[in-house]
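In what comes next, subunit A is part of two complexes: it sits with subunit B in the first one and with subunit C in the second one.
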Partner chain A sequence: MNTTSGARLDRATSAALVAAVLMPVALGLIFFYVPNDVDQGFSQRIFYFHVPIAMTTYALFAWGALNAARYLWTGDMGLDLRSYVPMHLGVIFGTLTLVTGSIWAKVSWGTWWYWGSTELNTFLIIFLFYCAYFMLRFSVEPGERRARYSAVYALLGVGLIPISVLAVHLGQDVIHPVTFTDRGANMDGTMLFTFLMALAAMLSLAVAMYLVELRGKRLDEQVTRLRRLAEGTR
Partner chain B sequence: MIRETYVHYVAAVYALAWLVTLAYVVILNSKLGRLERELDEIAGLLEAKADG
Partner chain C sequence: MSRRALVALVRKDLVLELRGSEVVLAMVAFVVASFVLFRFGLGGGRPAGGTRAATGMLWVAIVFTAMLALTRSFAREREHGIWDGLLAAPIDRALLWLARACSTCIFLVAVQVVALPAFWLFFLQDGPAPDYGVLVAAVLLADVGIAALGSLVAGLASAGRAREVLLPVLFLPFAIPLVLGAVSATTGTISPQTSGLHTLERLGYLGLYDTVFVLFGWGLFEFVVED
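So, the complex of A and B:
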C-alpha cells in the first residue's frame, strides 16, 4: 500500500521484516533449543519446516479461494489477481511440501513415497488440482471470462483442503504421524513453541512473497496499459 | 548419537527451502528488470512523439 510519507513501512516490507526476524529465531530454536525426538532422533527436525510449509500451502490455497469467491460476488477484477497470486505461491509451497515430505519419508520409512497414506495422497491430489488451475487460466484470453473460470475452479479445489486435513483421522492411516489430535498437540511444550515459531516465520514469509508478487503483477498490468496508450498516440 | 546420513537429509530440507526462496527473489528481480526495460521503451515512444 502506498503511503503519503516515506516514514511508514508498506505492508510487504513489514511482512518481510517480520519474516527476517522470525526465520533466524525459528532456525535457532530448531537446531539449538529443541531436544531430539525420542523415536526419530535428529531427523525429526524436518518436521519444524515440513509441517509449517504444508500449513502455509493450505492457507495460500484457502486465501486464493476466498478471493475467488469475493470476485464472483463483486466482479472486482483486482480480486482476480488476489486469487491468482496465492494459487501460484501455493503451488511453490506445495512443491516444497512434497519434496521435504519425501526426504522425511526416506529417513523415517525408508521410502520416498508411501501410496498407502491417505494424507499424502489427498495432498498430492490437491497439489495436482491446483497445478491444473494454471493450464485452465492460461488457456483462456485475459479478461472477465478467464477470471470467472479461474474463480470457479479455485473454489472447487478448496473443498479438498478439509478432506486432506481430516484424511489421516478419517482413514486408517497408521504410518503418517498425527501431530494434532482432538486432545491437543501431540508434543511437549518446547517442541510446540518451536513449531509455532517456525509456522509464524513461514506464514510471514508467504505474506511478504504474496504482497511483493501482487505488487509486481499490478505494475505489469499498468505497464501494459501504458504501452497501449503510448502506441495509440503514435 | 546423531547418524551422519540423517544430518545430510535434514540439511537437504533446510537448504532446499532457502534455495527456493532465493530462486523466487532472483525470478522476481528479473521480472522487475523486464518492467524497467519496458518503461524505458514507453518513455522512448513518448519522447519520439513529443519531438514530432
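So, the complex of A and C:
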C-alpha cells in the first residue's frame, strides 16, 4: 500500500511541478509576448484563459464519462471515483469558463451574456447538467448503487452534448468569434504558440488537481472503512 | 412474450390510473391553471410578446406538467412494494422502462387533448397562430422524448432522498434543448415566410432527440433497476 501511495504522490507532485513551471511561462507569454489583437486590442488576451479553460472542462467531462462507461462495464468501484473526480473538477473549471466568457462578452459585445451565442448557450446547458449530476450523487447513499446511478447519469450527458449543440444551432445567430475553423486555426504563429502554452498549462493544472483529489478521496475511503472496522470490534 | 409483457405492464399503469385518478386529473388542472397564470403574467387583456411568447409558454407548461407525471412514476411501485414483484418477473428490465415510457406518453397525450384547446382558447383565437398541424406533430414528438428520457431519470430520482425535488433538477437540463427545438418548430410557422423545409428540419430534430434518448433509455435502464 505504501508503495502505491508513494507512486501516486509522485505522479501528483510531478504533475503539480509541470503545472507550476508552465503556468508562469504561459502568463508571461500572455501579458508580455503576444501582440495585441487588431480588432479587440488588449482585452482579447482573455481568450488565452477562456478557451483553454473551456477545453480543459470538456476534457474533464469526457474523461469522467469514459470512466463512467468503464465502471458500468466492469463494476470496478475505483472507476467510480475516477469518474466523479473529473466531473467535480469539470464543474469548477466550467464555472471559470462562464465567468471568463461573461467578462469577455461584456468587453467585446457590451453585455454580460448573449443569448444568441451558440457556444455560450451550449456550454450553459452542459454546465447545468453537470451541476445536476452532483445533486443526484449527494442524494443517494454512498455505495454501489450511487456509483451505478452516477455513471448512468454521466453517460446521459454524452447524448445531451450533441443534442444541445444542434438545438442551439437551430436558433443560431453567429456573434461568437470562431477561431478554429475547418481550415485550421485562425491566428498567427505567435498567438497560436501562446494559446498552446496556455492550454498545456491549464491541462497540466487539471491533471495535478485530479491526481491530488483522487488520492485524497481514496484516503478518505480508507479512513471510513477503518473507522467502521474499529466500531465493529468494540 | 415480450409484447404480451409490455401490454400487460402498460395496462396495469392505465388501470391503476383509471381507478385512482392520481396523475392525469392533477396534470389537467395544473396545465390549465398555468395557462391562466401565464395569461395574466403576460398582461391579461393584450398579452405582451403576442403569439410568439404564448407559444413559448405552452412548451414551458408542457414540460412542467410532465414533471407531475414523472414525479409519481415509480413512486407507487416503491411505496407498495410492487417493484420487487416486477423485478422477480422473467422479463427484460428494459421492458419495464419501455412500459413506463409508453404509459407516461399516453398520460401526456390525454392531458394535451384538454390542454391544447384550452391553449387555443386563452391565447390563439385572436391574431396570428402557428400552423396547428405542426404544433400537434411537435407536441407528439416532444411527448415521446419527455416520456422516454423522463422514465429513465425518474428511475434514478426514485432512489434518492427528496426525489420530488431531485427529479426536476435532473430532468430540466435535458428539457432545455427539447424546448429550444420545439419553440423553433412552432413559432417558426407563425411567420408566413417560413419554408416547409425549415419546419421539417425542426421536427426532424425532435425526432432525433426521441431516437437518442429512446436508445439511452433502452440501454441504460437495466443499471437503474439492478437491485
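Before moving on, here are some points about what is shown:
Operating definition for what follows: the second predicted complex is superposed on the first by the 210 of 234 C-alpha atoms of A that agree within 3 Å, B and C clash if a C-alpha of one lies under 4 Å from a C-alpha of the other, contacts with A are read in each partner's own complex, and residues count from 1 in each chain.
FYI, a residue touches a chain if its C-beta (ideal position, glycine included) is under 8 Å from a C-beta of that chain, and two chains touch if they have at least 3 such contacts.
The shown structure was predicted, so the numbers you read here are calculated from the model rather than taken from an experiment.
In the overlay built on the shared chain, the residue A:Thr100 is in contact with subunit B alone; subunit C does not reach it.
Using the contact criterion defined above for the overlaid structures, shared-chain residue A:Gly216 touches subunit B, although it does not reach subunit C. By the touch criterion defined above, A:Leu205 reaches subunit B but does not reach subunit C.
In the superposed model, A:Leu29 lies in contact with neither subunit B nor subunit C. Once the two complexes are overlaid on the shared chain, A:Arg145 sits against subunit C while remaining clear of subunit B. Look at A:Ala16: by the touch rule set out above, it reaches neither subunit B nor subunit C. Within the complex formed with subunit A, the residues of subunit C that make contact are 149, 152-153, 156-157, 159-163, 166, 169-170, 172-174, 176-178, 180-181, 184, 201-202, 205, 208-209, 212-213, 216, 220, 223-224, 226-227. Across the complex, subunit A meets subunit C through its residues 72, 125-126, 128-129, 132, 135-136, 139-140, 145, 148-149, 151-153, 155-156, 159-160, 162-164, 166-168, 170-171. Residues 27, 36, 41-43, 45-46, 49-50, 53, 92, 95-96, 99-100, 103-104, 106-107, 205, 209, 212-213, 216, 219-220, 223, 226-227, 230-231, 233-234 of subunit A are the ones that touch subunit B when the two sit in their complex.
Considering their complex, residues 2-3, 5-7, 9-10, 12-14, 16-17, 20-21, 24, 28, 31-32, 35, 38-39, 41-42, 45-46, 48-49 of subunit B touch subunit A.
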